[in-house]
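Here come two complexes built around chain A, the first alongside chain B, the second alongside chain C.
What follows is the complex of A and B.
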């Protein structure tokens, strides 16, 4: 791979100093003159019909300026549900945390006090928490038409993928393995809680948002509030993380806007941490039933998955269970059913379909390898994907190198051993897992203005959700223009000042918007060649609206993770002691921030493997573990050193051949840890998270 | 958060008097209380701010005894040289609490009197601790609940320093409106069958002012072993506070108190008797572990605490006895 001047060299974030010195203005830091503070009243029941709401005491409280309920607000939150009509305030309420009312007042204490003075008469309804139980005859109907959430074609049928003939594949096997796994609802647990500040100037609405995409947020606010697009402005200058649950516009953006309209002054709506955990969304819990057919020599003949995803009561995410596509296999059948349940809503969380599915399939494939007396690394090298769905060539694939070089760096041969070997009580074990992730290409745009002082003003509609997108865009522009990084002035995070950018989800910012930056820079270079550099008050403006595609190939990123754990077999304690992550994301634009992405993703996956679960009380349908303490989110002391290996494949697409990165980082992490625990103790825990009680349970 | 008044008492007696106001509660470091106020678990009209009283945060040697002001922050306590050296179990317990921020604000007395961290209680279920008459854990999610001393409430006492203080045979100085009383640490905590809504004998208008530690003998060594659910910032899943009075390799006497397993610090006198006058061998430590869980009553999901407790007792004993 050729060396470039800017891209590929470690660059600190262009806004690093502001962020670490506390001078960056995050949305929550913004205070507008006369601004009110809002609070939301939420359902204390998992499922209930609201008979009546009495606002009289709340309205009488001095300082209360506006109240919204379903009575005076029938706005539909379009992005809150892709199948049903989800209002900002729903009746019936369908999970503990569903919004009932929102109040704006002079300060947050008054607003909160007012929510407590609202008297709601609930008729409680039966509820169901488990996706399979929700599909049983006689289960309470959560949405009209039943709890089987419609698939992409609008049918109440599972999402199905097939190739070959699964029965034939199972018959052709020398041995068939069958097992099932479950994964829990876990929260995105981003540092910055939800916050929106809405301000009306005449008929123009400005929303200071905390969003993973100002363009989506803008379009959707305009749509849901029935406003002309030019009457809405969305600003997000600094953003404190989302991991998929700040995609789109959210109910709090709309509530803030409507409260501000009613009150005639700006309104700030900020969630508490507990609200953030309960009322936005987390990763969907799954139940996964697999059958795998295999020849004596370890060749796969069949993979079958029947899966269930609990979506909460609204369909906000895909509910997919991915992972089996990483294997080459002639006969495959995947059938996943999405069910409505009365728990917190489930939708995107970093690699939405993947870590839970990879945990399931990679746990089972590990068992297959052990059973055939094959090294799990060799088993994966033998059976890993070569073509997408065994059909379409990849634009580039570095998976084999990820596995081989990762295993080498990890010293796999030295660390891996027969399961449960070792005299204990503290046993070590090694595990690995692999994964792939769609490396999206598509629509985005960029504008570059060049002034006569030689500054390049790069307008991109990114917000930078922690991925260092601003820095990435500046590096790409500097590279293509052949100018120093300091000459690039990035203008971001404001829909009145920036062109459309793809939402910062699907790990698409670098590949979509970065590509548009390259094209805009090329346009600018052409203009300079034609007209010369601008002089005096002159300015050159270059624009790009790009929508690239790879028509005959599949573009994917690949990854293999290796974990070594120490399991105290008496105390049930697990500690990850060594971790190697090998990634093929094509060319790495900024190794410094890319490495941070990998570390963050791996650590997030370890937390999902070992600790995190939004646990519900079965009798009441109420949550028990919302928040950082309850969810046992990883601390610094829990985080191992993560060694990152870059397998930089040459790829003909994307900006300088960059493929996607942010989400692949979590994909194999859960499974690698689970497999390492199995290698250590010789027993397999099949239900996430792998907590102490489960470890001591299988060892008892 | 509900509005409340803050009062700064002149002295301990005044604090006790202020506590007689309707709906008044004590605040020390506030690291837990303020969160509970925000969650509406506690809805006080008056906070009696003990930090206004000077001198309640000192460690001082009084003859052979050591007196520790209840308001000492946990972080300061854990770094106090005298405590570190002669009452190691207390220093280690204090430094195992929460996070650095919590230890900087949270006080010893606050930790001793901390309300349970049962997830039903903290999520406002109408349980015994929230004025109700039910323990939701019995038929619910009880993986962190009591295996000893439970019923009708099955909470576990959340404090790390409490088992250490019981193991050290500390005395608690309690001030009320009519004067002071001294309560042995072991008698300070109350089982739910005595009072299911509270965890100790402190009256509404009493203040835990200070704690007295008896003289530490020359052969005494001690330690606190805490099993956490991650590397930091959880309450004890199971913990053991162990104090051994050693004569060369022979254990003259032992004090063993468990955390995380019962609604009060769980003292093990039978196990202590087993150890007295004997050399602590791996076999004896294992027997002690077995004896430690005698009478354990696991609920549906906390059975793992039984082998865990065995392991913690055995290892902690052996580790301390063989410590160079």
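What follows is the complex of A and C.
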């Protein structure tokens, strides 16, 4: 791979100083003159019909300025549900945390007190928490038409993928393995709680949002409030994480706008941490039933998955279960059913369909390898994908190198052993898993203005959720323009000043918007060649609206993770003691921040493997672990040192050959840890998270 | 050991005040809205070396006063319930969750926030190391991480990696950039000891 001048060199974030001095302005830091504070009242029941709401005591509280309920607000939140009409305030309420009212008052204490003074008369209804139980005849109907959420074609049928003939594949096998796995509802738990500030100036609405995509947020606010697009402005300057649950316009953006309209002054609507855990969304819980057919020599003949995803009561995400596509196999069938349940809503969390699915299939493939007396690394090298779905070549594939070089760096041969070997009570074990993630190409835009002082003003509609997107865009521009990084001034996070960007979801910013930046830079260079450098008050402007055709080949990133754990067989405690992550994301634009992404994604996955779950009380349908302590997200003391290995394949597409990066980082981590635990203790825990009680349970 | 260091630190802060001679503000900070029916108290707090007289509602937390009434928004509210550490500040030199301290409890005491780390336009060694070693991803937990690290280095300038992890484990980073934060603190400690050696 050729060496470039800017791209590929470690570069601190261009906004790092702001982030370490407390001067970066996050949405919640903004205070507008005369601004009110708003709070939301939420259902304490998992499923209930609202008979009546009495606002009289809340309205009488001094300082209360505006209240919204279903009585005076029938606005539909378009991106809150892709199948049904989801209002800002719904009746019946369908999960503990569904919004019932929103109050704006002089300060947050008064708003909070007012929500407590609202009297709601509920008629409680039966509820169902488990996706399979929700699909049983006689289960309470959560949405009109039943709990089987329609697939992409609007049919109440599973999403099905087939190649070959699964029955034939199972018949051709020397041995068929069958097992099932479950994964839990896990919250995104980004540090910045949800907040929106809405301000009306005449008929123009400005929303200071905490969003991963200002363009999407802008379009959706205009649509849901029936405003002309030019009458809406969305600003997000600094953003405290999202991991997929701040992709679209959210109900609180709309509520803030409506409260501000009613009160005639700006309104800041804040969520508490508990609301943030319950009322936005987390990763969908799944149940996965697999059958795998294999020849004696380890060749796969069939993979079958029947899966169920619990979506909560509103359909916000795909509910997919991915992972089996990392294996080559002639006969494959995957059928996944999405069901409505009365738990918190489920949708995107870093690699939405993947880590839970990869946990399932990689746990089973590990068992297959052990059963055939094959080294799990050799088994994967034999059966890993070579073409996408065994049909379409990849634009580039570094998976084999990820596995081989990752295993070397990890010292796999030294650390891996027969399952359960070791005398204990603390046992060590090694595990690995692999994964892939779509590396899309698509629509985005960029504008570069060059002034006579030689500054390049790069306008991109990114918000930088922690991925260093601004720095990445600046590096790409500097590289293509052949100027120092300091000459690039990035303007971001404001729909009145920036062109369309895809939004920071699907790990697409580098590949989509980065590509637009390259094209804008090329256009600018052509203009300079033609017209010369701008003088005095002159300015050159280059614009790129790009939508590159998808390559005929499949474009994917690849990854293999290796973990070593210590399991205390008396206490059930697991500690990850060594970790190697090998990644093929094409060319790495900024190794400093990219490495941070990998370290973070892997550690986040360890938390999903070992701790995190939004637990529900089966008797009451109420959540028990909504918060950082309850969810037991990873802390400094839990986090191992993650060694990162870059397998930089040459890829002909994307900006300088960069592929996706942010989401692949979490994909195989859960399975790698699970497989290491199996290697340590010789028993397999098949339900996430792998908590102490479950480890002691399988050892008993 | 740490008690002595803490006292020294507090004395150091006091000396700073004399040197910069920040006068006590004659006027109480404007803190509207104060709900008349709610008990309120006038407190005196030294914030980043500057003595402030503030009228507060007794129900206000320290972080609310810092952010909403003194404009010091560097300290973040991640959970408002003592779980995440994004609001960590130093109270008389010790790290506390400012969401879990009532403002009235800070009366007569000294508070240091992230805004106080930069002295005369010069970044603290920790801040420089956080930039070079890519400490912040989204950055929302960063101020808290910095203040916990600052408290550690104030009483233990040469920590081991394990001591850093223990001192900062009350600061959650959901981007999970823990490796980078530890690396940054170790680098800052190294820089500090190198400069101390040069002076000696």
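Everything that follows uses one rule, which is that the second predicted complex is superposed on the first by the 698 of 700 C-alpha atoms of A that agree within 3 Å, B and C clash if a C-alpha of one lies under 4 Å from a C-alpha of the other, contacts with A are read in each partner's own complex, and residues count from 1 in each chain.
One rule holds for everything that comes next: a contact is a pair of C-beta atoms (placed from the backbone, for glycine too) under 8 Å apart; a residue touches a chain by one contact, two chains touch by 3 or more.
Nothing here was measured: the structure is a model prediction, and the numbers come from that model.
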{"item": "First, second, both or neither for A:669, with chain B first and chain C second", "value": "neither"}
{"item": "Touched partner set for A:112, first chain B, second chain C, both or neither", "value": "first"}
{"item": "First, second, both or neither for A:603, with chain B first and chain C second", "value": "second"}
{"item": "Partner chain(s) touched by A:625 [first = chain B, second = chain C, both, neither]", "value": "first"}
{"item": "Chain B versus chain C as contact partner of A:511, first or second or both or neither", "value": "neither"}
{"item": "Greater residue coverage of chain A in the superposed arrangement, chain B or chain C", "value": "C"}
{"item": "Touching partner for A:697 - first (chain B), second (chain C), both, neither", "value": "first"}
{"item": "Partner chain in contact with A:570 - chain B first, chain C second, else both or neither", "value": "first"}
{"item": "Touching partner for A:615 - first (chain B), second (chain C), both, neither", "value": "first"}
{"item": "Intersection of chain A interface sets (partners chain B, chain C)", "value": "109, 272, 629, 634-637"}
{"item": "Partner chain B, residues of chain A touching it in the complex", "value": "109, 112-113, 116, 272, 274, 425, 570-573, 575, 610-611, 615, 617-620, 622-626, 629-630, 632, 634-638, 691-693, 696-697, 700"}
{"item": "Chain A partner contacts - residues on chain C that touch it in the complex", "value": "33, 35, 37-38, 57, 59, 67-68, 72-81, 83-84, 86, 113-115, 117-118, 123, 127, 130-132, 134-143, 146, 164-166, 168-182"}
{"item": "Residue ranges of chain B in contact with chain A within the complex", "value": "1-3, 38-40, 99, 119-120, 123, 125, 136, 139-141, 143, 227, 229-234, 237, 301-302, 304, 307-308, 311-312, 315"}
{"item": "Residue ranges of chain A touching chain C (in the complex, touch as defined)", "value": "12-13, 16-17, 19-26, 28-29, 31, 62-63, 106-107, 109-110, 188-193, 238-241, 243, 272-273, 465-468, 592-593, 595-597, 599-604, 607, 627-629, 633-637, 639, 641-642"}
